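Chains: A, B, C and D, in written order; residue numbering restarts at 1 for each.
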Amino acid sequence: MEAFSDGVIAIIITIMVLELRAPHDTSLAGLRPLLPVLGSYVMSFIYIGIYWSNHHHLLHVTEHIDGRALWANLHLLFWLSLVPFVTAWMGENHFSQWPVALYGSILLLAAIAYTILVRALLAAPGNELLASALGSDFKGKISMAIYAVAIPLAFVKPWLALAIYVVVAMMWLIPDRRIERRIS
Amino acid sequence: MEAFSDGVIAIIITIMVLELRAPHDTSLAGLRPLLPVLGSYVMSFIYIGIYWSNHHHLLHVTEHIDGRALWANLHLLFWLSLVPFVTAWMGENHFSQWPVALYGSILLLAAIAYTILVRALLAAPGNELLASALGSDFKGKISMAIYAVAIPLAFVKPWLALAIYVVVAMMWLIPDRRIERRIS
Amino acid sequence: MEAFSDGVIAIIITIMVLELRAPHDTSLAGLRPLLPVLGSYVMSFIYIGIYWSNHHHLLHVTEHIDGRALWANLHLLFWLSLVPFVTAWMGENHFSQWPVALYGSILLLAAIAYTILVRALLAAPGNELLASALGSDFKGKISMAIYAVAIPLAFVKPWLALAIYVVVAMMWLIPDRRIERRIS
Amino acid sequence: MEAFSDGVIAIIITIMVLELRAPHDTSLAGLRPLLPVLGSYVMSFIYIGIYWSNHHHLLHVTEHIDGRALWANLHLLFWLSLVPFVTAWMGENHFSQWPVALYGSILLLAAIAYTILVRALLAAPGNELLASALGSDFKGKISMAIYAVAIPLAFVKPWLALAIYVVVAMMWLIPDRRIERRIS
């Protein structure tokens, strides 16, 4: 399951760059309209990187995977697969209200899907190591609460919602030391 | 063989999302024309997920692969590789008659290819565990019969054919417990 | 090295399908212009499948890979990576002279690159099993000779050159029993 | 981590070929405008191949990967993921000043990212084999110095900068014998 998920995540993180279309203008000015697209790409690259990193750590301490966990995993990959679309919509429209709100919604849905996956893995027999390694998942819960606040804010000040997404990403860039301590 | 198949299936499931092109309209209304494309994508994502899951289970209990099984596998991947095309044709044309019928035909051809792959694996020497794990393959046979009924129905009521495809997908979302019981 | 090559070959075989663009016409007639593109895709799918299958068998009996073999492998992947381009050029232009000749040239260059890879692997120390498993490589030599004849024929009768490419593919569809016998 | 990186690098090296769009002109003249695009593709293919090869050797002698190394690796993949974009911009604009300078800048940033990755791996406990295998990394340092000279040259004579990029690639085509000697 990890090989397949790694493949899908690798493709998601890479096809987003196809939205960065080479301009016909060969001056530096020709790149200026691409800046929001690039900014949007950088944020999504980091978010997908965070998911890959956490997913990788998660499966590392998982010993048994059943049918339910398999579909919980595909459910997570589904929401992640929509990230290139919302990244493009947001970047090409200069971070306007609806695209920023939808971007946050996909982040929220992916976070919920990740929580469901963790629960499905915990429910599968023989994953006691995982249970003790994960603890209370404080970061996961707080992220979802923050997204839920940021999404409506996108309609007031899109840049404020964006700043919040960046803060959540920062919070996650620190890898999950609870698991890492166990597997190192 | 599993790594290569996983790679191809991971790419198939992900490139379908490239059909969801970011609209220039930044209001919620701008997303409305994308709804059938998204619906079509969701159905294909689930179908490809089912194939990946069953294929994964199948190769898990397979011990020997010969040249014939290798090509039976490529034959299955060929029909699956056409899924993004029929998904796009169906989604962009609001589920009209021919696209819905062709979508069902590709599902039928992929199902036939899967059956041929199972037979090729059973015919390879040393796969006795597989034979006992698979049993009668009732679900595979009934699916093909249902597709054969649904395809002509697409010309009468496309939505009826679609509903049937959804029912078959539901039937398969329950993973193949016969094999799972053996490998857990 | 095999994982990376499998990844590249999996992507090559799958991105070719992106050339099959969904038509706006929803009747069966809308698919007719796509028939040569589909035919071209089928042939390339089979050729890439043959390369994957032989490459997979080849690395299975290889024990040592040095820097030279690594670059011989990337050289093969380079020519294979041009297959989607020539497939599109040939399919979208109804198999006219230059595209058919260029398609054959890429097949010839890939075949030469495969031969160079085999030699690089044989030259690496510790690959004695490979040497005894490969034998004289009669099929490889005859294929290159046939391509060299077919390419100029493309300017007289493109369909004749195409028929020859099909014959060579047929010849290779039978997997390399010399190696298979050894590893089964 | 290697499987994911291999996947991303395999996709980067392959999607670049999507810029080689099949012309409608079926004569040899129809291919002429594609020559700079092809030349640009060949150079990037070789550069990505060099990164894959060195990355592969590097991880081969690495025994422990921590969170910092994981993100140093994603940072490298980020710059490599921009290679298809700069390749297209450079190839489609006949190697003019800004595209050639940006191409060199991405090469420089990828080289810096690679150095950071090596340092992160060396800093992780338990990688003593790596430290002794790597030595002084003379080639890495000289490459970065050369890029820093070539980038401003692109504004004087783009072809001179390009020639320098080719020379650096040549220098790297010889695989890293320091590591290879150890793992053979």
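Quick note on the criterion: a contact is a pair of C-beta atoms (placed from the backbone, for glycine too) under 8 Å apart; a residue touches a chain by one contact, two chains touch by 3 or more.
Values in this document were obtained by computation on a predicted structure and should not be read as measured data.
Of all residue numbers seen at the chain B-chain C contact, under half occur in both copies; the interface is built from largely non-matching residues. Overlaying chain A on chain D by C-alpha atoms takes a rotation of 90 degrees, rounded in steps of 5. Centroid to centroid, with C-alpha atoms defining each point, chain C and chain D lie 26 Å apart. Chain A and chain C have Cα centroids lying 37 Å from one another. Looking at chain C, residues 3, 7, 10-11, 15, 18 sit in touch with two or more other chains. Chain D contributes residues 2-3, 6-7, 9-11, 13-15, 17-18, 20-24, 26-28, 30-31, 42, 45, 49, 52-53, 56, 173-175, 177, 180, 184 to its touches with chain C in the complex. Residues of chain D that touch chain A in their complex: 1, 3-4, 7-8, 10-12, 15, 18-19, 64, 66-67, 70-71, 74, 77-78, 81-82, 84-85, 88-89, 92-93, 96-99, 102.
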